[in-house]
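Got some structures for you, see below.
Two complexes are shown next, each including chain A; its partner changes from chain B in the first to chain C in the second.
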Partner chain A sequence: MGRYILRRAVQAVGTLLLVMLLLHLLTTVAIQLNGNPAQAFFGDKVATAAQIAAVEERFGLDDPCYDQVGNPCLGPFVERLGQYAQGDFGTNLRGREVSDIVATAAPNTLRLFCVVLVTWLALGMLLGSLAARRRGSAGDHGIRLTSVLIDAFPVFVLLIVYRYVVAVPLHGWAERTFGEDSWPPYWFKPSFDADHPWATVLVPGILLGLAGSAAFIRLVRASQLESYQGDHVRTARSKGLGERHVVVHHVVRNSSVPVVTAVGLTFAEALGGAVITEGLMNIYGMGGVLWEAVRNDDVGLVLGVVTLLAAVTVVVMILVDIAYALLDPRIRYE
Partner chain B sequence: MSDAVNAAPTAPRVSASNPLAEAWRTLRRRPDTVIAAAVLLFFAVMAAFPGLFTSTSPRTCPIREARTTPQGWGGDHPLGTDALGCDVLATLVHGVRPSLLLAVVVVGVSLLIGVTLGLLAGFYLGWVDYLVSRTVEVFLVIPLLLAALLVLSLFKGVDLGAGTFNVILLPAVVLILFGWMPYARYVRASTLEAKNLDYVTAARSLGASDLRVMVRHVLPNAIGTVTALLPTSVAGVISAEAVLSFLGIGVRPPATSWGIQIEQGSQWVLGGAPHILLAPLACLVATVLALVVLGDALRDALDPRLAA
Partner chain C sequence: MSAASRMRSAAEGEGRGTRHSPGAERSEGEPKAQPLLEVTDLVVEFRTSDGVVRAVDGLSYRVEAGRTLAIVGESGSGKSVSSLAVMGLLPPTARVTRGSAQLAGTDLLALRPRQHRAYRGERVAMVFQDALAALNPVHTVGYQLTEALRARRGLSRADARTRAIELLDLVKVPNAKARVKEYPHQFSGGMRQRVMIASALAMDPEVLIADEPTTALDVTVQAQVLHLLAEIQAERRMGLVLITHDLGVVAGVADDVTVMYAGSAVEQAPVGPIYAAPAHPYTRALLRSIPSTAGADRGTRRRLPVIPGRPPSPAARPSGCPFHPRCDVAQDLCRTAVPPLTSPAPARLSACHFAADVLANRPPRAAERRDDRPQAAETPTTPPFDEQVPGGDHE
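Take a look at the complex of A and B:
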């Protein structure tokens, strides 16, 4: 097991290096084709050549290779890797450290993910188990219809409708009914409030979780259906165990392995969803920062945040692989 | 989706064991898939012949007619006008083409890349497989939307012209670049399963070339799982495009798209003109819903073990 973890970790470092190289190459090609992003620093104002040169130097864009189309610019890449190794992820256009921005923004993203994870598992396990247990019944069809409907509303649409159509009247109603200082008005606040992070992240998190839960419902149903047909379940039943015991110990437990894997695989997708959620709801998290950076043409910040999030994804994927190996004794990686 | 349609003419000839023909026959009998297909056909016609639905140009925008409420069929502005006075129906109708074209191009090309690489990796294994699997891993680490945000904001200033393909070129390239991996993975897995089946061995011992074995014998078996993914992928691209256009980095102006309309409409919901938001939103949801229903039915038809 230890050797397996070590091997996966080494592999992950390699993947991460390749990912950074990929991001670097994309940025380089963009700069070579598109002209210098240093201009974005000045917005609409016209800058002198000396000013642009100064900005280029500060953001490490002064290497002549950025003017030669097709040059992979490996020199600046190695330099940047050195900076990453020292924890320096560059600065945004106003000169604030990316690592500093991320440190203040990350807790809110973690809060959002907690809510999302709970929603996924709660909805997926509950509805998926129900559907598998009563296969073919009206309930199964209803749950299936629900999951199709959930899929039909992308998180973007859900949030737009919530923020612009539902939230404001709901917020006003909650304020009138429960008083201004109680909890409910904060739940329905149409934008993030740094003083009440949990309350204002709750509804957006549930919506984001809802949008991803259809896949979980289907997955839980499919893997439990397989368990119900398994020999071990028939054995358990035939030796006279109660139905509840069979379901909890032999069906649910056995079918939870693929669910754990799915959490890892859906993570990357949920990161994309988090960007939309945080951007639309003004939540000050990693996604919200990225959303604003795109709006302000702050390429340095976008690159820094995407690199960091890719690193997080790599770590999550390893953790899932390890959890998978621990949970399922049939899997041996030697 | 398209595979099922293509399989239609051959359906009577081939034996019932062809999974695609079988799937097609099951699909035809379900009312929900027929309705979903009709909805998609409606929007496809709209994309191809916008002139059938509106004679107003989306670019004539008299500002004094801004935010007219919907007037119903027969009026000058059946769905009202937006904040700048442009006709909502005309914008809607002319916004279908870029969205649908983008979705079809992205899914088509990613499918082609994914199937080719997955087939080669699964068939030859060895260093080909190593190369493909590593590449898939690297691309999988960067979530699609994050990659799109990064690359499209990097290329925001590039001017590509206003032709039908030019307005979707950049988002198409990015979404393809980061969207082909699932197909490669699925096809690789099913190729591994299919290539050791008896009839494949038989074909090989009869002297069939690698290419023939791959295309004629392995691919038809490996394509099933991927087919069920297609409608949902098209829906995914359509909603990704809406998000990117909302941020101003998707489809390029002067072309319009539902995402751009939603962005503009969202500011006027509480300002007394909710129709500017609701019209494109309803179209988006209808299209995605139709695709999801189709994907769901296809999944059932191809894998009846899990049907209700």
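Take a look at the complex of A and C:
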């Protein structure tokens, strides 16, 4: 088990370095082909050579390799790795620390993710198990139809409908019924409120989780169906065990590996991928930060944020691998 | 156990030594025992896209305490389905439409699912074919051996562990103390099948149904596992139903044989006589297709006879006798009339119009002479196809 974790950890570090190198090469090529991003600092103003040189120095763009197309610019890369090692992830164009920006934005994204995950797991496990248990019944068909319907209904439509049609009247009603300082008005507030991050993230998170649960329901159903048909389930029944015991210890337990995989994948996706939800609901999160950074040609911010996201993803993948090993002894003793 | 049954077991011990010699009529002198499990006229139907299909069609058999019944048949003959029906483990598409399975006075098939569950494992247990698939890969062997004891009899964790080690010792898994903590994939095929058997024995069932317990194993391991089963069965005086497609397996351990074809029994008899003189052309063909070294010894190597054709699909069963398209002695009558199970000799049952002729190993007489009731004394004293009696060669 220890060796298994160690091996996974070494693999993870390698993956992370590879991701950073790839990211570096891509941005280098972009700079080399598109021209000096230091220009972006000045917007429409025309800057003097001295001013540009000052900006280049400040953002580490003064290395001559950035002018030579095809040069991998490994010097600045190693330099940046050294800075990362010291916890320095650089600044954005306005001079604000990347780590500071992430520290403000990431918690909101994490809050959103928590709500999404809970909704998603609860709905997926419940409906997926139910559908698998009563395969072929009206309930099974109903659940599958619902999941396809949810899938066919894009999340931004769901959110727009919620925000403009449902949230405003609900918010007003909650304010009138429960008073302005109580919790319910915040639940239905159509936009994010930094003072009440949990309350205002709740409903958007549930909606996003609902949208994501559709595929998850089908995944849970499929993997449990496979377990139900397994010989070991018949063996368990042949011992006269009760249906509940069989389902919990032999069906759900055995189909947990694909479920954990899905959770890991979603986490990685949700970190950067909740752009639409964050944008529509005005949640200041990682998705929004990254979106703005790309739009503003803020190379430093993009590099810092993507590197952090990659690191988090790699850590999650290690956790998923460890979870596999805990859940399936065949992996543990490979 | 009464004195009478102990006496019977002694008689059986004698029987065991002689059972393979052709013509040994050991069953004749025995007292008629109360059957432990008696299946009567069992019919199991599957709902399929092509309509309702009968997988088991009027099967009857009985198992007595301390005896082994082998149910032999090709795949698709309904042998596994019939035992799943007895266990109440049929897939949702299958249904028992007729028949009963009396276990010590209770008809299992008439029970409600919840009541039937109480009998499973506790009174009648089952050993499945492929132990790698039949054991749960994510739980330890110890857990699986005793999970029913813990869930149903409330055994403590420590007691369960002791019991699990006992069970592994019982099935002769070496180093049981350490191995209870291991997972099924860490066991070899034979050891895994032993674990499977141990898990079926956990609650001391009266009847054990073993569904092709040795099919997935090496030949040498097969013999070990079969001997283990026979030993445990004799020791605990269990009724053992051994389902197999291999008549060679039957010879060593069974007391009685039921040969199944297309969902019903075509021949039922004690093991010795059936090997000596089969009373159904199908049994005869099965016995002939067992490889034997007898011919090779005498330098007269012969082609191994095979049964032509394939077993019929339950969806398209032939008219008349289901075996007639593949039968080497089929007559006109066989194409039209379904043969009932008749008794061509004492303790013998055969579903063949010409059972008496087959038993005597002579060509079937014309259909009009069929009314002649076979004589009880017709049991032959010499094996009809001497070179191919497998019992004599194998052991």
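Heads up, the rule we're going with is that the second predicted complex is superposed on the first by the 314 of 334 C-alpha atoms of A that agree within 3 Å, B and C clash if a C-alpha of one lies under 4 Å from a C-alpha of the other, contacts with A are read in each partner's own complex, and residues count from 1 in each chain.
By our rule, a contact is a pair of C-beta atoms (placed from the backbone, for glycine too) under 8 Å apart; a residue touches a chain by one contact, two chains touch by 3 or more.
Here the structure is a predicted model, which means the values were calculated and not measured.
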Partner chain in contact with A:A54 - chain B first, chain C second, else both or neither: neither
Partner with the higher number of touched chain A residues, chain C or chain B: B
First (chain B), second (chain C), both or neither touched by A:H245: second
A:T235 touches, of chain B and chain C: first, second, both or neither? second
Which of chain B and chain C A:V299 touches, first, second, both or neither: first
Partner chain in contact with A:T15 - chain B first, chain C second, else both or neither: first
Contact set on chain A toward chain B in their complex: 15-16, 18-19, 22-23, 26-27, 30-31, 33-35, 37, 131, 135-136, 140-141, 144, 148-149, 151-154, 156-157, 160-161, 163-165, 168, 221-222, 225, 268-269, 271-273, 275-276, 279, 290-291, 293-295, 297, 299, 302-303, 306, 309-310, 313-314, 317
Chain A residues touching chain C - in the complex, by the definition given at the top: 230-232, 234-242, 245, 249-250, 253-254, 327-330, 333
Chain A contact footprint on chain B (complex, rising order): 134, 137-147, 149-151, 153-158, 232, 235, 239, 242-243, 246-249, 262, 266-267, 269-270, 274, 277, 281, 284-285, 288-289, 292-293, 296, 305-306, 308
Footprint of chain A on chain C - complex, ascending: 87, 89, 117-122, 125-126, 128, 130, 133-140, 147-148, 151-152, 183, 185-186, 196, 199-200, 202-203
